[in-house]
Each structure stands twice: as structure tokens, then as C-alpha cells.
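Reviewing the structure listed below.
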Amino acid sequence: MKWFISHETIRSPFLKTLEKDCGEKISHCYQCGKCSAGCPISYQMDYLPNQIIRMVQLGMEEQVLSSKTIWLCASCLTCTSRCPRQINVAEIMDYLRRRAYTKHMTPPGEIEVPLFNKIFLRNIELHGRLFELGLIGMFNLLSGKFFKDVALAPRMFLKRKIGLFPHKINNSKEVKEIFKKSGKLGRARRDKLWQPKLLFLNLSRKLIERIERLK
Amino acid sequence: MKYAYYPGCSLHSTAKEYDLSTREVAKALGIELIEIPDWICCGATPAHITMHLLSLALPVKNIIKARAMGSYEIVTCCAACFSRLKTANYFMRTDDEHRQKVEQIVGEPYKGEVKVRHFLDVLVNDFGLKNLKGNLVKELKGLKVACYYGCLLTRPPEITELDDLEDPHLIDDLMRTIGVEPVQWPYKTECCGASFSLTKTDIVLKLSCDILQMAYDEGAQAIVVACPLCQSNLDLRQSTINKKYKKDFNLPIFYFTQLIGLALGIDGKKLGLDKHIVPPAALLGEKDKLAKI
Amino acid sequence: MKIGVFVCHCGTNIAATVDVEKAAKAALNLAKVKFSTTYKYMCSSPGQALIKDAIKEKGLDRIVVCACSPSLHEKTFRECLKESGINPYLLEIANIREHCSWVHRDRETATRKAIEIMKLAVTKVTHNRPLEKTHMPIEKRVLVIGGGISGIQSAIDISFAKFPVVIVEREASIGGRMARFDKTFPTLDCAACILTPKMVTVAQNKYVTLHTYAEIEEVTGHVGDFKVKIRKKARFVDTSKCTGCGACWNKCPAKVASEFDLGLCKRTAIYTPFPQAVPNIPVIDRENCLYLKSKKCGLCQKVCPFGAINYQMQDEIIEEKFGAIIVATGFTQFDHSVYGEYGYGKYRDVITGLHFERMANSSGPTGGKIIRPSDGKVARDVVFIQCVGSRDEQKGVSYCSRLCCMYTAKHALLLKEHNPDSQAYVFYIDIRAAGKNYEEFVKKVQNEYGAVYLRGRVSRIFEKGGKLIVRGADTLSGAQIEIKADLVVLAVGLIAQNDAAKLAQMLHIPYDQNNLFTEAHPKLAPVETITSGVFLTGACQSPKDIPDTVATASAASVKALGLLVQDQLEKEPLVARVDKNLCSGCQACIKACSFNAIETKEVEDRALKRKRTVAEVIEGVCSGCGNCTAVCRMSAIDLEGFSNRQIMEEIEVL
Amino acid sequence: MTGDRSEWEPKIVGFLCNWCSYAGADLAGQSRLEYPPNVKIIRVPCSGRVNPLFVLKCLSSGVDGVLISGCHTGDCHYSEGNFHARRRFTILRKLFEYLGIDPKRFQMAWVSASEADKWAKLVKGLVEEIRQAGPNKLGHR
């Protein structure tokens, strides 16, 4: 990777809005790497958490927002609670994800998490409480993993751990109101949940897997 | 002892046995839990990843509903709900800018004054271990468990204010009180990957496998949890983990309330012990702790 | 009265934000100001010459210098006035740098404020009176607090000039931290080999008195005349009879963890901290002695061939006078038990650097073997973690402890020398090896001793299967690192002694947020404090390695000697004075004075035709705090240099 | 001084002890911390030197706010000057409250020689408070 540093990149509005919006002083980070050392998922990441912070420090917005790392953060807060400079790394990850949404910069391989989040929120918006079957069904349908976890389903029904119908509550209006007023919340609803790209990706992945197995 | 009870979505579906056992234990101990009428989802992880304000507004709405019930503290059992409610409270207390925005969304002033408690905290600190001991019908002798706290109960400490950050002990204390032996193990607060349960199942399998392995290695016969997401990852996905990583785990994953319920002499079925995917009957029966469920 | 105003540019430090020409011009509008000018550097010799010339040519008799803080150059300009034949106290400094040009950005605002500050100074100087310095005798002895390497070096240096020195050390032996070290970086000299001779020298020196097992109880007085109360804790061993034969500690049945060896081995209740102790006279630890606790035992008294054991001994408080005090109290280690992720200090095989020193030391608790304290097995894979407690605002201190990089490198080297089969892994954030041959030393450890350096902090340590699992990161390769280690050595930071603040308050010296003592100036007066006569050396001021500690020890000694060689001590004449005509003799000032500097005196009142009591200030004792002036109902007592009239008029012109 | 609020800038006098607070303000300069120019510093040897009359004089001369700043408890260069000051000015504050003078106009603070940051923050906060309190109407000017 080569990155040209100049007056403009260093003073990019990206860094400033980030510091303002999530209240974290990025320049405080002295790159000790304790966040990466304790991260349970860093083995899967394309950049370690400390590298993401470093890239933010250098104003590399595009690279950061299109990284896999930010979608792999499980929000377990290990980094935040151990940071010697008291930087809320998890909050910064949240912020970056939110920004990636609004900028439509999710990398093609990482569409599942945002899709799931959208379906989840849509689900709450409709029912007030989570309707698991709806969530799982919808997610599987839209992500192209039609039969994911299907084997688990009968047991879940038998044990009455998952209901066939959503809960009925009398306050669906009030929930919708909250969603509407929370600013850009409408976006979750209006955004197309239909993601042909992801569907195609997952289906072809399945196909390739099957072919591999046949070999 | 009266509390406003916020079960949360999981306790009404995948973690029904957590809800059942909590209510049973509370009833047996004379702790009154009054469910918040018309409570709504706290937004969980998807909300704070997607829209910050929403992730504050949803919990605050619930807290305001609880406030309307009278001057109760809120009790919740779900670690994720607990974390979201506490975080929202923290923002309302300390961040004027966010408070004003959220107040506008929920349409009511709120300054973070209602206390949010975890049921663990209520049992240990309000009810008291000594008091609990006095109420026991039997002790669950001979059972060795790993107490697993997960991410959200202790982190970040300034928000959760619940237990020791790196070496929490509330569940261990409760287990010791009912005669169960907690093993010392280092993965008390490791992450199981909860929020990726559906989206990145591979990660969940790997992390959960590590946790099961560590508990097994340190001699635990079961894992005791206080979070519905941890439970479902470790229990529901245990067979998949066995298949994928060629393991042979057979570790029942209990909610702490279930084991306390047993020690209080409550029938296993009432505690939802039949709802487990990894059946606990063998372990409990073999140890001759109670009648077969 | 002719006042001259001199405005300094201070290069661009002032001139960049304050329009100095405008300020100089504005000065001429002020009453009694007859001359004003500006110059690039007023404190330089041409600048001072400018002032001197103006005094001569214009006949100026009072001077205002608008420049930096009076703490920097008030003395310089007073000297300048004196040389031109004006009383040095007819000077005021207007601080337009620290309090103006450096804290404001807008030129107009800063200029306006500078002029106001100047106005205050001009108003004040109008009422200055010519004053003469007073003189006091000096007690020609030095007190050194702390008997570590810095205290020892100071005492030796002072004894060279043949002035008496007293060392007060709270432990049973002098030697301090350095006595615990094995070898020293970067030369690998054995610490004992270079320290022990100095300990002996100091003990045998006829100018040096050692008070070991003693603590400072109270300090009063001031430079040239400090009165110090020293508590000599009861040793229960008569130092005049004991020969240090060791019969007592060989027989003592009470065994407790040794503080000197950080609990790695046991000591007896009657003990000397280490074999080379100076003085080689034991003490009885009253907490653990069976006889002192319950009157059982008494074995040591029975076996002592010299009858030196005395269970009835009491603490003794002695009072001595000193002209100067050198503070050499050193440091203590950061307590890593706050690190939950490193096991809250509960894992026995997670040790500190000092533990490692003791183990590496051939006369230490393991006889020079580097082993796992838990099971005594030889340590093969050893992880070193730097910056534990240092550079950590969340759990420790924000500063860099400065020597951990070096001592960790040394440990990695010693490990390889002791256990050739071993491997050292060092987690670091930055390697700070600024010192003579330091960088070369670290390189040697990496290249010749095969220590693997990993750039990152460790997030978690836990025990599994008899090993310590260390989870860190190497930010250079972008990888998470996991190591199965036998032993983990934490390079814990250096922090102030627990009771540092208490001592600072006794000595009236300032200390910072970390309880480290504050020097008078970070660059130009690094061993002085703002309390004259009190000097700092070693790590009580900031973390220092041995070379730096010894250097500051010698520096502090020179400063103390500079004081002692004077016949008399000059004292600032800025003291309180009583107007006897106004004084009603209420004696409120006497109660307000913390220094007992005010007495009563009978005077003949001519109007009343009888004697009456008035207050009188003892000039030599008055410290000039002015507390008395605030309680005087008659405004009869006033402070030179900060008089009621001066302050009132300053308020008036604002 | 006019009562016109748009032009009015708070005028504040700060009595700073020579050993801690004055040195702290010096350090703020050395650290180039920016703060508003409204506080005019009068150096005194010790906060205990400040006579209550000085405070009264300030308020009667039209100064909008008075600050007395000394060493922290226990750190006084002269042992206990700051204790005396604290006792003295707590009483004066009570008197001000009784007289109906806004107690905000008269404040005490403890700033050590190493607390440059605290000094800068203190000045910022103080100027803001006095600005809200408005011009001092007691002044004869």
C-alpha cells in the first residue's frame, strides 16, 4: 500500500468529524497494540484494530471504510476496557460502520452484517419486539443461505424456543415513532433489503463448495 | 423487594428457560418482579452499529416506561439488554448533547436517574448470599462448573458497574453458596462472538469451541452463564462445533438461575431444564442431585 | 522621581504577539515615567548596558522591566541596578511573556494587556523603598535524607570539602535499591562490586554520621538554619556492643518473608537486610519477634556473646541543626497488582524486574538460578513486558520510567548467560536507549543474545497447564502473538515513594501530580528547589538510572557546598515591619505568624506618657509571607515589597 | 466602565501566591496554553498575604471578579498561610452572601506550580461565570 501524505490528507474532514462525533481523541493513540493483542477476532481481520486507528490518524478514509475489520468487530469491548490511553476503540468501530453505511462503502464480501442489522431493525420496527423466526427466515432468504441452520430449527420448535408468530404488543405506533424521529432511521426501512450481489455471491459460493466436494 | 422487570426479546424466545427460572427463583425468594408493560426491544448490537441515537432511544423508552410504574429499579437478566440499558443511562447522565436529542425522540425528559440492575447483582447484593443459603432446600454437591460471564456484564466497568473487570466472581459466589464447585479458569470474560450468531457463524463456532475446550480442560462438567446469547451459542451450536472441530463435548450450559432453582427445590421442568439442546439430565441424574427430569 | 521603562522583545517570544514599540510609547503617558525603550534581549549584556546607560544619562531612579517572569531574571536586573548605583529593590518586573504574549494569540489584545501589566508595575515601583539585604550565620552541616547510591555519593562529595554530613536512612542498612541489583547496564559491572566500596567509604569517613533505621520527624527553620527532628527507631540491638557476629540471626526461630528479596526467601525476625549491610548490625523486627510479641523466646539475648540485645529499647528522637538539606529518597516500584489482565499479581511466575535481579544475583535467594518461583523449575521461555505502569494513564502513570528499556535488555542478556538453553521475548512499545553505549547494548542483546523483540503491548496473561499463556501483538508484522511462557517478567515503572508528599510538605518543597519532587527550573536549576537550602538528587525527582543519579548527587553536593562555604548568608529584605505608632499591641500578628518571628516590645508612648506594648519583627526569622499583615486591624504591620499601599494602588489603576 | 453589555468585558483581579499559583501561571505560559486576557495578576508572596480589604477595594473600584489562588492544602511554602487565607475568606464570602453580593464574584482556588492546565481552565471558567454574572454595579467608576 502506498499512501501520499499531504496537508489535505492529514487535515481531512474525516478525522475531525470522527473525533467530534464519537468524542474520542484519535491522536491519543500511541500504537501500543494492546487492542490487537486482546481482540478475539483479530485472526480473521485484514487489518488489526491498531492499524485501523493508525489509518484513521493518517486520514485514510476509503481504506478504513472498505476494510473487513470494521465488520468483524464483535463489540466485546476488550480493547476499550484495556486501552492504556483510554480510547474507546469499540465505539470508533461502531462509528466507522455507521459511516460506511451512509457512504455505501461496505466491501462486497461483508454485506451480511449490514443486511442482518437492517433486517433486525426492520423487524423491531414492525413488531416492537424481535420476531426470531421472521429474522432468521428473512436473513436466510435475502442472503441466499436458504438452508442455513435448518437442521437446528425442528429442535428449536419442539423446545418452544422459537415462536411461529410475532409477539403482539399494543405499542407498534410508538416504536415506529421512535424510529422515525431518530434522524436517518428511515433509511433502514427504505434501503433496499434486496441485495442481488450478496445473493449471487452466496449461491455461487454454495455451488463451488458442492463442486469441490464432488471432486 | 420489588423491581420492574425487563425480560428482553431473547428471554421470550430462545432463552425462555432463563425467563422461567428467573421468575421461579424470584418467586421462591420473595423477590417481586413486575414486568414492564409493553416493553420493546432494546435494539441490541444492530442498533448501536447502525444508528447511535436509536440505540439510546430504545432503551430509554423502556426505562421511562418503568419509571411510570413508580419508583422501582429495573432488573434485567439478559447481559446484552443490561449493557444497552446501562449505556443509555450513562449517556443520559453524562452527555447533555445526546440527552437532549434522545429526550426529543422519546418525548420525555430523562436524566438517567432510574437504576438499572442485573439479576445477579440483586441476588448477591440485595438479597444476600447468607439469606440465599438459608432458603436452600438442598445443596448441589459434587458438581463442577465453569462460570462464564462473557463480554457485556463487566465491560466497560465504568458503565456496567457490576463486577470485577478481569476476574468477575458474582456467579462463582452464587454457585459456591448452593454447593456447586466453580473451577478457576481463565476464559470467564472471553467473547463467544454473540452478535455474529447468524451472520458469521464460523467465528462463533471457533470462539465458542475455544471456550468449551478451556472449560473442559479445567475440569468443568458444565458451564454456567448469565447471558442468553452466550447460552444459545454454546448450547445450540455445540453439536455443530463437535462435528466441525471433531470434538466430543457434552457440556450442558445452565443459566445460574436454573441451578439456584434446583437448590431451592423447584421442579426441573418449571426451570426449563427440558429446553436445553445438550441434555443436562444425565449429568444431574448421574450426580444424584435430583430426581430425573 | 524618574521611572524608566524597558520593554524586552525576547526575540520574537514577546514581540510576535505584543507590539513592544506601542507599549514603550504608552509607558511615557504614565505618571513619573521619564524614559522608555525596547530592546531585543534585555537580559543580555548589551541589554543591561542599555539600562545602565539610561540610568546614567537620564538620571533614572526607578526601573520597570517588561519581560519574562520575575522568577527568571529579577535577580539579573537587581544586580544590574546595583552596578549602576541604584538600590536593587527599586525595580519591578512586568511579566508580559508567561502571563501575556505566550497565552494570547491576538496581537491587539495582547498589547493592551501588556500595557496594563506594565501600568501595574509602574504603579508598584513608585512606592518601592530602598532596602538592604540582611545577613545571617550558617550552620555548616549537611543533612542527606536517604542512604541509597545518591545519598552515599552526596555524602562522600561533601566530606571531600571537610564539612560534616549526616545521612538518615530508614532501612537497617544503607545501600538502597542498588544493593539489590545483580549487574548494571551497559557495562555489566557487578552492582555490589561498585557499590559496596562506597558504602564502606562512607561508613568509615570521619565527616559522615550514619543514622540508619531512622526517619525524619519534623523540619523547621530555613536555609542556613534548619532544625530537624530525627526519629531513631528502636533497633533493640546496642550498636556500641554489637559486632555483627551473626549468632543471633542464626538462632532466631521466627521466619518471615524477606523484604529485601521481595518474598523470594525468608529472613529471621532479628536480621540484617543483606550480608554486606552497613552498618553490619541487625535490627529486631518488632512485628514478628516472638519475645516482643508475647515474651516467649528471648533466644537472641541468650546467645549474644556481647550482651547487645536490649528488648527495652525505645524510639529516640534527636534534634540537630543543618545549613542545607539534600533529598535523596529515591523511588519505589509500581505495584502491578492493579493489572487484572496480568492476573492481579496472583500468578507466582509473573514477577517484576527486581525479582529477576535478585534471582540473577549469585548471593540472592536462588543462588543465581533463574527459575519459576512456583515450582523451582528452570525458566526456558521467558517473556519480558515493558511499560507496565508507565505510559499508562488508565492504570499507572503517564510518564516514561526511562530505564526499563535498558534493564529489560540487560535481563534478556543475563537470562541467556544463566540459562543458555533459554529464549527471551521482549514486548516493547518504543525502545528508549538514549545514553552512552545504550543503543549498542540493546543491539547486542538482540543480535548476539538472540532476544526476540516484539513491538506491542500484552493484553492478557493466564495460566494453563502449568504454563503462562501470554497474548500480545506484534504491530510490525500485524499479527497477534501467543507465547507459552515459563516465566513472565514485568518491567514495572518507577514511582515516587508512598510518603513522598508528606516529606515534601515537611520541607516546603513542591511536588507534581505523581508526587515527584519539583526542581526549581527543569533546565537551569535541576537539583535546586524553590526552597533555598533544599536540594534534590536521584529518582525522587524523576526516574533516573545510576549514572544520572550519581551525577545529580554530585551536582546537589556542589550546590550545598556553595552555600556552606559562605561566611554569612544573604537574606532578602522583603520582610514585615511594624509601625510602632500605629500598633495597638493586640498581638494578633503574633498568633498569625507560623515562624515565631514577631515579639512584643515595650515602648515609651510620648502622648500617653507611659510605656505600652507593641509588636516587633525579628528580621532574621521573618520569611516574608505577609500573613501578619492581613490580620492587623490598624494596618500597622506591613510587608516590604508587597505593601498595602502598593497593592491598593495597583487595584486602583486597573 | 459603561453598562453596555455588548462592549463590556469582565475585569478580574487575581491575587496569586508567588510559589504555587504564580508559578503555575508561568508554566501555562511556557506550555503556550491559551486563555482569555481578562484576569490581571497581582503577585503576592502567599495567599495569606491578601487582606480582605483588598477584595473590598477591588469590588468598590469596579472590578467584576476577584480570584485568590494559592498552594494546595498542606503545600504552602510558609506552612499554613493558605489555611489562614481559606478561613479568612470563607468568612468574607459569608459576609458577601449576607450583603447580597453575588458570591461568584469572589472565588478561591488552589493551583500548584505544576498545574498549568488547571490554571488555564480556571481562568476560562471564571471569565465565563463573571460574564454571566454581568458588570459589577458596586463600582464607583
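In order of appearance the chains are A, B, C and D, and numbering begins at 1 in each one.
The working rule: contacts are C-beta pairs under 8 Å (C-beta built on N, C-alpha and C of every residue); 3 or more make two chains touch, one makes a residue touch a chain.
This structure is a prediction, so every number in the text was calculated from the model and none was measured.
Asks: Going by CA means, which chain is nearest the middle of everything shown?
Replies: Chain closest to the assembly's C-alpha mean: C.
Asks: How far is the middle of chain B from the middle of chain C, if each middle is the mean of its Cα atoms, in Å?
Replies: The separation of the two C-alpha centroids amounts to 52 Å.
Asks: Calculate how many whole Å lie between the centre of chain A and the centre of chain B, each centre taken as the average of the chain's C-alpha atoms.
Replies: Computed value for the inter-centroid distance: 24 Å.
Asks: Averaged over CA atoms, how far is the centre of chain C from the centre of chain D? Could you give it in whole Å?
Replies: Result: the chain centres lie 30 Å from each other.
Asks: Can you pull out the residues of chain C that are in contact with at least two other chains?
Replies: 341
Asks: Could you list which residues of chain B touch at least two other chains?
Replies: Touching at least two other chains: 165.
Asks: Give me the residue numbers in chain A that touch at least two other chains, ranges are fine.
Replies: 78
Asks: If you go through all the chains, which pairs of them touch?
Replies: A-B, A-C, B-C, C-D
Asks: Across the complex, what residues on chain A touch chain C?
Replies: Answer in residue numbers: 30-39, 42-43, 47-48, 50-51, 78, 82-86.
Asks: State the interface residues of chain C toward chain B in the complex, per the touch definition above.
Replies: Touching chain B: residues 340-341, 344, 462-465, 469 of chain C.
Asks: Where on chain B does chain C make contact in their complex?
Replies: 164-167, 186, 214, 217
Asks: Quick one: which bits of chain D touch chain C in the complex? Just the residue numbers, please.
Replies: Where chain D meets chain C, its residues are 11, 13, 19-20, 22-23, 25-30, 32-35, 37, 40-46, 48-54, 57-58, 61, 63, 71, 74-81, 84-85, 88, 112-115, 120.
Asks: Chain B touches which residues of chain A in the complex?
Replies: On the chain A side, the touching residues are 23, 40-41, 44, 72, 74-78, 80-81, 88, 94-95, 97-98, 101, 112-114, 116-118, 120-121, 124, 128-130, 132, 135-136, 139, 148-149, 152, 155-156, 159-163, 167, 169-171, 174-175, 178-179, 181-185, 188.
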